[in-house]
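Dropping the structures in below, format is structure tokens.
Two complexes, one shared chain (subunit A), two partners (subunit B, subunit C).
Entry: the complex of A and B
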């Protein structure tokens, strides 16, 4: 995935730094994240949006909601659809159809993690059982790629969902058993989604015989196997995926899962704190955006 | 391992207009700005004139600082690809291995070339390059390797020819490479320094800065062989910490557009000792360190 190339000596330096001292080239320890900048509610033409910057990785997430018919298997639930666009501006590897495989992989993983009961209560997306429900379309565009894409996309998605307001419709019975759905006049008459148990993805990469969190492009190049784990704020693991050509032995997998749990809990608590702060200063400060 | 394990998540801050130093007496221009209409001035790099009869304007073609040298007006761009000069020391990455030469990535408009005849091979300098040498090129330098070299020649199209025909240059071993803009590297007589904090740095003119543990002086026969095999001994913890700190200090200086040379890097390192290496990545710590470094440099200039 990474387009960076390193010499053998540089790889040796990075791997031994992590294995012997637990010190990475930018001074972080194995479980330290780079500073994350997150802002929500900056796009006025979406129901919810967020912008995230983690090191050199920059993303923009937007949410659109439309009416749909519920799946007969789950008649009282709506669902969430994801679409990731790895823009060729982000990295040389994404030019042409290069980013397609990566974005499909991330979409599948996110759908698996979100469309189950432990993550998001899909019943809040139901309007009329068997007839109407909300379909939430989450679109993410990757503007710059500096490593650690899965984690940043999951935090941006959680931010956008937190900001998302579902219109408070009233349903009236029309003729011939059809239902009439009326949108409220006031655009601020919305219901916020309950996202407290939404998971956050944590990427743990194996470098040498230790594992690190939040790898940069150079560290991704040195690591042959990574685990991507979905962790909720209570430390519950909702899904796991292994990427990379290397192999992992069962002991290291359990160690990595332990790290993932503690790191995931910390990310979720930092996220909740930031959302509270943002809500507190909401009307007085204008959004930073891109200018 | 530090005990402070909270993850920092914050709202983005508005882009600050960093006060650019020493610009009050100089002119900043953007492409298309008229610099002067006086006929006595000649047009240098970064400027152009319309060839219309009677139009004597000197117009800037790049965004940068106007540098008048007597009657010659040049514009030095703030952010540009590296334009090589003969004799510059650069750090480059091998991009491609071809017949009898290597293509080197040096952050310039075209790839630079390193000929097989311009490197020191094992077994003496004056050996004639044979076909066997040509086949063994990849054993010496392969794709991804970092080298330090000097510019031998600048061709008409701007591409550079490099050479490593000195024991100081050659393949680089363990260490860390930082990329900054080429316009931030101050032109000096010497670009390879052993800092007093215990690391050696190479400030490549092309913006690639190489930080490594102290290079042992070439007193014995094996040292200074052009780096055929890198030293596989793991770097000590102290050296590693110093390398991290110097790397982060250089990135802080680059973010605030401070010229990089051995003194400024040394001062930035000294001022950063109050903080942990990883905290240098955050904006407020970075501006604090840059301010203190600039004060120290001004003091030095004031005394000199």
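Entry: the complex of A and C
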């Protein structure tokens, strides 16, 4: 959803810069990401949270956990629900119901990727099979829109899930077959979720006869076809979706998938390194958020 | 067991005295793409404001724009994780629309609308965490964002809330104090001119107590004004220094 308007000369400049020189307007090469800033654990009233800045795109993800009844098809599993809110802060086009279509698309894609066995072990969300389970609500607000929403949301979600702690409850059998669930007194008594095989989405856009990673708003406007690929830390592809009105030939798709794999592996390893560093300095640094 | 808003020693539930504000922290120019933006924290209430404008009126509002004034449009949304319980609908619900209408009305009193005819100014508010006095903190955030956008105003608009317990006015109430059910007064003032732009009272209050609680709110607004004005001056000094260097 491009909210920028470009003249033909500007489009020509962007497309030919990428085709002929392999250089983009901000000096990046075709497989470079913009600088990513990620901070977790900044909202005290949530079970897990993260803030992400990718170029001009700014997101805030928060996790609230509620009790629910498991789906009869999977009685020993909980589930994860995603909600994306494109805030009017981000762009005038998101006022009223303007951002609905975009957020629905991203929500569906994330749900598809996360509600299967390969991404997240949903059995860790079960409390009492057939009766009680945890429902993890992941809410993402888009505060500023500078292009490449899919990738940034997937990294923010992974960060929030990494920070998320599920309360360690003790279940006791009450009367009439009901169960009593007691929350622990200590708020730090939590179980962390295992997110090592959660995928990160990588958007590859076709511009002219080359493909680029992490498009800005202007580059998104110049590209007519993109592939959104889910890549895990081991380089496995977990899901793929093509967006845009243009068409792709099969050779392009295999080239783009190869790029997606290598870029995805790099992003995942950078993420893991950052989470380790953050854990190391967590106690000595105050979370500032937007201050 | 009723919650004690004010203990016998004069302390509230979070340890403040009756006329003490929560800690106010703010930041201007948080986003680059919006014309003006600001972030403010009053205790645990955290609100982000973004201002777009003045710009050509958008499709929806083209018919409503007056020829001699600008149109002010306000959008208010609450994050799903902002309150204690998860909120399913971020905007478009009754409370959000009412809040947006009140804030629009508040700022029409201060923005020099005659300087921007046939244009539209959008004030977008996003509540990240809500712990009471949502209207007051939203107004303060919007004021800072409008200053950052360089939109001409008659004066700052500063808002504050107050409640009454055991005959003493409590300034800047938080969520717990709001939910107890005592009378709650919110007011927005023009601090330098000393005039009240908007006021809203929820709950029962005796007319003799009205004067006392209004005075408390005005005093609270002056205190918030001192903090915010200080911050704005520092921000302008830093920005000017950066221009000078380059």
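Points worth noting:
Note that in this section the second predicted complex is superposed on the first by the 291 of 291 C-alpha atoms of A that agree within 3 Å, B and C clash if a C-alpha of one lies under 4 Å from a C-alpha of the other, contacts with A are read in each partner's own complex, and residues count from 1 in each chain.
Basically, a residue touches a chain if its C-beta (ideal position, glycine included) is under 8 Å from a C-beta of that chain, and two chains touch if they have at least 3 such contacts.
Treat the numbers as computed from the prediction; the structure is a model and nothing was measured.
Once the two complexes are overlaid on the shared chain, A:83 sits against subunit C while remaining clear of subunit B.
Contact with neither subunit B nor subunit C is seen for A:245 once the two complexes are overlaid on the shared chain.
In the superposition on chain A, contact of A:254 is made with neither subunit B nor subunit C. The larger set of touched subunit A residues comes from B, when the choice is between subunit B and subunit C. By the touch criterion stated above, A:5 is placed in contact with subunit B alone, subunit C being left untouched.
In the superposed model, A:96 lies in contact with subunit C only, and not with subunit B.
Shared-chain residue A:172: touches no atom of subunit B or subunit C. When both complexes are overlaid on chain A, the residue A:64 reaches subunit C alone and has no touch with subunit B. Contacts of subunit A with subunit B, set against its contacts with subunit C after fitting on chain A, overlap at residues 291. Across the complex, subunit B is touched by residues 5-10, 12-13, 16-17, 20-39, 51, 53, 263, 266-267, 270-271, 273-274, 277-278, 288, 291 of subunit A. Per the touch definition, subunit B reaches subunit A in the complex via residues 1-2, 5-15, 93, 143-146, 171-177, 230, 232, 234-235, 237, 240-241, 243-245, 247-248, 276-278, 280-282.
On the side of subunit A, the complex with subunit C involves touching residues 43-46, 49, 56, 58, 60, 62-64, 66, 83, 85, 87-92, 95-97, 137, 139, 141, 143-146, 289-291.
For subunit C in complex with subunit A, the touching residues are 25-27, 30-34, 37, 39, 41, 44, 46, 48-50, 52, 55, 58, 60, 73, 75, 77, 79-84, 86, 90-92, 122, 124-126, 128-129.
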